[in-house]
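For reference, the structures are reproduced in the following blocks.
One chain, chain A, appears in both complexes that follow, with chain B as partner in the first and chain C in the second.
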Partner chain A sequence: MRNLTSPLFAAGLAFFLLVVVAEFEPGAAPMVVGQAILQEAPETTGTANIVTAVVLGYRGIDTLGEIAILFTASLVAGLVLERRGGKRQAQAPAGNVLRISTQLLFPLMLVIGFYIILHGHLTPGGGFQGGVILAAAFFLPLLARPGIQVRHFGLAVTEGLAGSAFIVIGLIALFQGGAFLQPLFGTGSPGQLLSAGSLPILYLVLGLKVGAELAGLLAHLVYEGSET
Partner chain B sequence: MNLIALVVALPLLGAFLLPVGARSVGWVGRLLGPALLLLTSLVVIVLWRDSGGVPSHIELGGFQPPLGITFYLDQLALVFALATSLLALLLWPHAAWRDARVAALMLLMVSAASGMALSGDLFNLYVFYELVSVASFGLVAAPKTGAALAATLRYVIISGMGTVMALTGIALIYTQTGTLNLAHLTLLSATTLDNTLGLTAFVLILLGIGVKAELFPVNIWVPEVYATASQRVSALLAGLISKLAIIVIIRLLVLLFPQPEALTLLLVIGALGVLLGELAAWHAKDFERMLAFSSIGQLGLVLMAFSIPGQAGLFAGLAVAMHHLIVKPALFVLAERWSGGFAGLAGAGWKSPWAAGLFILFALSLIGVPPLPGFWAKLMTLLGLLGQDNWIYWTGAGIILLATVFEANYLFRFGLGLFKAGSESRSAKVPVHDAGSLGPSLILGAVLLIATVMITPVGNWLAGVADQLADRELYVTTVLGAGRELP
Partner chain C sequence: MIWITGLLVVVMLLAALAVIFFNNHVAAVAAASVVSLALSVLFLLLKAPDVAMTEAAVGAGLSSLILALALRRLGLTQTGAASATDEREKNR
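Presenting the complex of A and B:
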């Protein structure tokens, strides 16, 4: 049964992809909603970076869903990879060059990460991108000094509180008579650091959450992967 | 102020806080989840009462559709949002899972499942679908036995392929229309999606989301996962999540894809599911796998019912789906104590007569014995299929009848095995059901019996729900308003 289904399924899928290739006209996609958002976004949300207006404003609930997916993935990885007792094998420490350069890099990466997050409403970048840089900053010492302990509880507190803050900001808007996740505090003047209302705050908690989650995920993989 | 967003937001908030909160304060992990589910159920009930059955919508973030994302609240969406909260509450794993992370996964799945019922945006539906998938990976892997992890791995791979296919379908639709709002898409569908490319997009979405709906041929993960996961998780996946996937597919079919070929495809895929599912269930050697295969068959039946054109098909499909939503979780809860091969269960009915009685009640309804609701659902499907002037539909009706024979045979065989004479001594090892393991099944059994008695009002109400589901005009005017200028 199974041996028959797989090739049949693959053949069917190939057929449909061929149909797509034959019928599809590249470059002719209509920009119905896209064009409308491009026109009105700076005025309605006050962001100079339109991508941010879409990610946190127009499609804010999608973003909430995406960080929930990331959170779930990290939770599941922790659940499945959790050690059942036994100690991690000791690894040789890294050389001086590696250790000292990670120490030098750490503050720089923090600064860059937070800069990218806090300017997400002005320039390309934002919570997801900056969060990844934050995660990398915390992950570097782990690679250079394999012996150090990861404070999983600290990471869990950060991601839990940051995720809750995102939802609470959305709920405040709801209980003030607006809609869930409606931007607060007006728009300000686009292009200023303090503009776009509550969107930069959302990006900050999003960045912290993404950073904490990825750092936790990577730490799980490093520790459990080296076990056997 | 419309509070429906709370149904999605509160469980998410709970899930974010649970892993940390439970470590600091012990009772948080046990009580937070059920308390939140109770609250969301109340929110839905109050909203439902206030709506008076008239559909409405909310604009998330306060952006007008089609630019922003909307939730559409018709009776179908509300009944499934309510069913999600109530079933999760009923099947909440109080004793078995001490791990707060598993409770958090449950809440994440509930939040996303409610989102799937409510969302009126194509990509937003995908996000919630993906969240349901990832949360369910964790839930089915939670027992962490070798078999569970192996089954989960296969499930992850097939699900991953499914989400890619669904995303491809959604991307295709977006390239053809330039919008993602379902109401806006409904307006544009006649000119942009009524072609081969539109049909291809539908097939990709059907098979992609169909992974969770246990559709042939993307259902090969089902038996192993249901046999190895915790029974309550299997109950939720087979009872609730599969129905939500079907509802999303049908909503898209009604609004976006008017092609008759789409209906024929549903019929063929459904018929194959019925036939192969029931035959495999007939061959199954243990209780959970039998239920898993039977669930594949029942979902095939749901799909066949929905393939009947017009309001009659939607009515029949909803009836079969709601029936299975009640019956299958109850049976999986019975399997908590009756796990494993048939041989070990011989005579188990003597020790747990209530459980055996409930099994027989649900089995009779599944087979379709009057006057139980399962009979009316199956009858409507058969009459609908036979009413079409087309040999494919008649063949479908024949397949249902044939499959029912097998279904009756294996369910009776199992039921009789429970009361095998002279096997009391061997059944000494079989665990006896107690109040905790019977409770959810008893409640669902009571619901089934109430529906049996009140079959006329229930049927009328369901017909009204089907009317709303079929009404494309209503959807468009509710979300976009009449005569508003659109981009």
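Presenting the complex of A and C:
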């Protein structure tokens, strides 16, 4: 039976892919919404990067759902990994190359992470990408000095404050007579650092939340049930 | 352009096959990371730099890091540091 299921699954997948390829004409798809957003986004939201306009301006509630999913995943991972007693894994000390390059790379990665977050409305990138880079930056010292203490309380406070700030900004927009998570504070002139209203604030909050969450998850994976 | 794309696709296919056929778990994780890296370059060529950055940061960096850490927790790594800890645990 099991020998039969995998060819069946593969055949079904190949069939659906062939259907998609037969129906799909690249470039000729009727992208009505896409064209409208491309024309309208720079004036209405003031972002130079249209992707940010879609992610935070037009589809902000989808982004809220994404960070909710990420939050749930990291919460469950933390719960499962926390359960195995308080004993810490014995680790071999890190080599010279790792320790010294960590000291060199840590400030650079912080700067790049915050640059990508704060310029999310101007250049490619944004909260998610910058947040992952921040998490990687804070993970490097854990690799370089295995005995280091992780302050999970600080990470949890950062994450909770950032997550609630995202929702509070959305609620402020709601009570000012707009929709939930509608862009606030006007548009400014597109291309400037201080433009696009509340979208850079939302991206900063998002980046801090993603970074704190992923750093906590990685720290949980490295240490066997480290205390809070 | 078409040659670069073709090369990237071939690299991705070879790395994806390597994930299946490698016996060493760490090497398989590294090969999976190569798939994501080539895919991110492909996204860049298709003029989707946002997606390319996400793929490079999450797919090539973070997910392979998480996989490698999970391998270490499961005791499936064969690198020096981890096997040293395993032996220490056995001797205890």
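Here is the rule we go by: the second predicted complex is superposed on the first by the 192 of 228 C-alpha atoms of A that agree within 3 Å, B and C clash if a C-alpha of one lies under 4 Å from a C-alpha of the other, contacts with A are read in each partner's own complex, and residues count from 1 in each chain.
Note that in this section contacts are C-beta pairs under 8 Å (C-beta built on N, C-alpha and C of every residue); 3 or more make two chains touch, one makes a residue touch a chain.
Everything numeric in this text was worked out from a predicted model, so none of it was measured.
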{"item": "Chain B versus chain C as contact partner of A:Val76, first or second or both or neither", "value": "first"}
{"item": "Which superposed partner A:Val32 touches (first chain B, second chain C, both, neither)", "value": "first"}
{"item": "First (chain B), second (chain C), both or neither touched by A:Leu140", "value": "neither"}
{"item": "First (chain B), second (chain C), both or neither touched by A:Leu218", "value": "second"}
{"item": "Touched partner set for A:Gln129, first chain B, second chain C, both or neither", "value": "second"}
{"item": "Superposed model, chain A: greater residue contact from chain B or chain C", "value": "B"}
{"item": "Which of chain B and chain C A:Ile201 touches, first, second, both or neither", "value": "neither"}
{"item": "Partner chain in contact with A:Ile172 - chain B first, chain C second, else both or neither", "value": "neither"}
{"item": "Which superposed partner A:Arg59 touches (first chain B, second chain C, both, neither)", "value": "first"}
{"item": "Residue ranges of chain A in contact with chain C within the complex", "value": "49, 51, 89-92, 116, 124-126, 128-129, 132-133, 135-136, 139, 214, 217-218, 221-222, 224"}
{"item": "Contacting residues of chain B [partner chain A, same complex]", "value": "1, 3, 5-6, 8-9, 12-13, 15-17, 19-21, 23, 58-63, 66-69, 99, 101-102, 104-105, 108, 111-112, 115, 123-124, 127-128, 130-131, 134-135, 137-138, 141-142, 144, 149, 165, 168, 172, 174-181, 184, 195-197, 200, 203-204, 217-218, 220, 276, 487"}
{"item": "Interface residues, chain A side, partner chain B - complex", "value": "1-2, 5, 8-9, 13, 16, 19-20, 23-24, 29-37, 40, 44, 57-62, 64-66, 68-69, 71-73, 75-76, 78-80, 153, 156-157, 159-161, 163-164, 167-168, 170-171, 173-175, 177-183"}
{"item": "Of all residues in chain C, those that touch chain A in their complex", "value": "49-50, 52-54, 57-58, 61-62, 65-66, 69-70, 73, 80-81, 84-85, 88-89"}
